[in-house]
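The next part holds the structures, each set out as structure tokens.
One chain, chain A, appears in both complexes that follow, with chain B as partner in the first and chain C in the second.
Presenting the complex of A and B:
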């Protein structure tokens, strides 16, 4: 019984609790700022899951893109909204039935598609996933990577053109 | 559980290191700023005024911790920690000596770029929760600035990754050669300038511009919570200097043993001094100047540096 409470199992249960808890807060809270904070905690727990399964590169990418990028964008949007009176949330989530149905449907699809792919047990040995990723991305997947990079570059330039046009 | 205990010890060590770095940084900044302005700086409290900062710290700890009436109390109190913790974590991947980094991870270079960037969340929360116009404007400015300067900073560091063929800091240090200083000089300048902007120091301190925003996103903070923001700023400055001194300038590679460590410390101190020098020499940029500098000069320069390094890498 004592052996079951290893650092790995404690990390597993802790991550599970925080992941589910923060996700539940995102769904059920009405104050959008608190919702965003919970979303940030959830993003970080996803990074924690990647680390748990020894995928360090994905964990850092998760922090870089989602916690440091998407979340900041969400907070940025909230801050541009009108002010509210003290003690009142700045914006409340409507919690519409449609969004619940869509969320449940998406969750069901994700669970069904990943149920056979995600290992529950911790891999026996950690390995440097970064090297493998680099070999794949700069090897057989190089055309795909170049295509996506080009697409993103076009998107960036388009945004500049659109905003430049508005200014004129 | 030894990993957990080890992490705890390193966490405490990082916290202590940042506290000492902040104490030293404030004193050093006052002395350097004094010299730049033809003054002596602190001199009465302790030898060369070194105890002045400790006295100030005691004052800050004892000051009343005020929370504005209309603030979102929980978020207001949480924000300084959200700013400080990522900065403290960034110390863990710095290669302090040959074969030693507290957290020796295969993605250390990315970790150093990604994790401190989370501080911007705390800044946004602090500015928003104060329900103060100055604080909100300061937070929005800080977020825009930090996101803009992250890109050239990451691209500059990427040059080193190309040269070393690894994103593990200890591998970069092992592969480092003195020729890299010449090859990555523009990248180092971009990294240095972007690091100053990342920690919101002058001339990039428009988020906390005292002449227009009082103190920006932490205008309503006082006492210990205010000092946590300051510790994060000075901690970020020292972390960026340590990392830059190691991976760009070679750190402890110059001499074997303790001599190498001393060179590493001297290089770090030189970078910290340069940051202080820049702050007290250049006037504050306007918001639009700051953004166009990031997108029109820094980012293209970092991209050119990356391309040049990619071309010459086989010969280095």
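Presenting the complex of A and C:
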């Protein structure tokens, strides 16, 4: 029997393999730069998942915010904090059975609770345009947008206070 | 196999990282894994007609909600990293089992 491969199924398997692989490297590696690079790959695969769900604007926002913003912050944090020799394994873990049981158990619960309600083939959706998105954000979701904008402002001020609070 | 299984695996990996890692940077990276998995599952599930009596959410609404969620998570990551750098610069420690100042303070 010859399996039928569509572009959608190839994209699904590719995204699954790369996202799980990069997440595993983030969790298990002992090299901090490998962690940062794998985290960047994971962020890009999340953007790929958004594209798979036909949300192109969300995918672009993910690349800008995470692969271009948060990852740079992580790299700056590593540069500020790390003073080790290149290649030296410095990240330590305490692998325990309890952690495995909790992580696997929670994932199993999520899968079992949704297994009968989620189809394998997703329904095709139209790409929403930026005009539609703006109408929604500035219409029914305006209070949410204002709240998130306020939260972002508070976060910016908090970061400035945390970094600017030190006096020599 | 569908995206729910993949997102659950990603979330489980992130949770295991949070529970098992000792370095704060690695813990924050694992939290980012969990956030990414949760957002992927939210965006994927929101468009399914089988989970809603109204035939799935509008794609524009899903995208707007996901966008707000991305901004919130990015703000949280920025504050978390700023706190991490500030604590590490003042105490010189980045391991979770060494950061016991708050716990030990009377």
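Throughout what follows, the second predicted complex is superposed on the first by the 106 of 168 C-alpha atoms of A that agree within 3 Å, B and C clash if a C-alpha of one lies under 4 Å from a C-alpha of the other, contacts with A are read in each partner's own complex, and residues count from 1 in each chain.
In this section, a residue touches a chain if its C-beta (ideal position, glycine included) is under 8 Å from a C-beta of that chain, and two chains touch if they have at least 3 such contacts.
These numbers come from a predicted model, not from an experiment.
Visitor: Does the superposition put A:20 against chain B (first), chain C (second), both, or neither?
Guide: Once the two structures are laid over each other on A, A:20 reaches chain C alone.
Visitor: Who wins on chain A residues touched, chain B or chain C?
Guide: Higher number of touched chain A residues: C.
Visitor: Scan A:78 for contacts with chain B and chain C and give back first, second, both or neither.
Guide: In the superposed model, A:78 contacts both chain B and chain C.
Visitor: With the two structures laid over each other on chain A, which partner does A:57 touch: chain B (first), chain C (second), both, or neither?
Guide: After superposition on chain A, A:57 lies in contact with both partners, chain B and chain C.
Visitor: Is A:40 contacted by the first partner chain B, the second partner chain C, both or neither?
Guide: In the superposed model, A:40 contacts chain B only, not chain C.
Visitor: Once chain A of both complexes is superposed, is A:68 in touch with chain B (first), chain C (second), both, or neither?
Guide: After superposition on chain A, A:68 lies in contact with chain B alone.
Visitor: When the two structures are overlaid on chain A, which partner does A:7 contact: first (chain B), second (chain C), both, or neither?
Guide: A:7 contacts chain B only, not chain C.
Visitor: Would you tell me the residues on chain A in contact with chain B in one complex that are also in contact with chain C in the other?
Guide: Residues 57, 61, 69, 76, 78, 80, 128, which sit in both footprints.
Visitor: Show which residues of chain C lie in contact with chain A when the two form their complex.
Guide: 1-17, 19-23, 25-26, 28-30, 32-33, 36, 39-41, 43-45, 47-51, 56, 58-68, 70-72, 74-79, 81-86, 88-90, 94-95
Visitor: How about chain B: which of its residues touch chain A in the complex?
Guide: Those residues of chain B that touch chain A are 1, 3-4, 69-70, 72, 75, 105-107, 110-111, 113-115, 117-118, 120-121, 124-125, 127-128, 131, 136, 139-140, 143, 147, 150, 167.
Visitor: Spell out the part of chain A that touches chain C in their complex, as residue ranges.
Guide: Touching chain C: residues 12, 15-16, 19-20, 23-24, 26-27, 32, 35-36, 39, 42-43, 46, 49-50, 52-55, 57-58, 61-62, 65-66, 69-70, 73-74, 76-78, 80-81, 90-96, 98-100, 102-104, 106-108, 110-111, 114-115, 117-120, 122-123, 125-128, 132-133, 135-137, 141, 144-145, 148, 151-152, 155-156, 158-159, 162-163, 165-166 of chain A.
Visitor: If we count contacts the way the header does, which residues on chain A are in touch with chain B in the complex?
Guide: For this pair, the touching residues of chain A are 7, 33-34, 37, 40, 56-57, 59-61, 63-64, 67-69, 71-72, 75-76, 78-80, 83, 86-87, 128-131.
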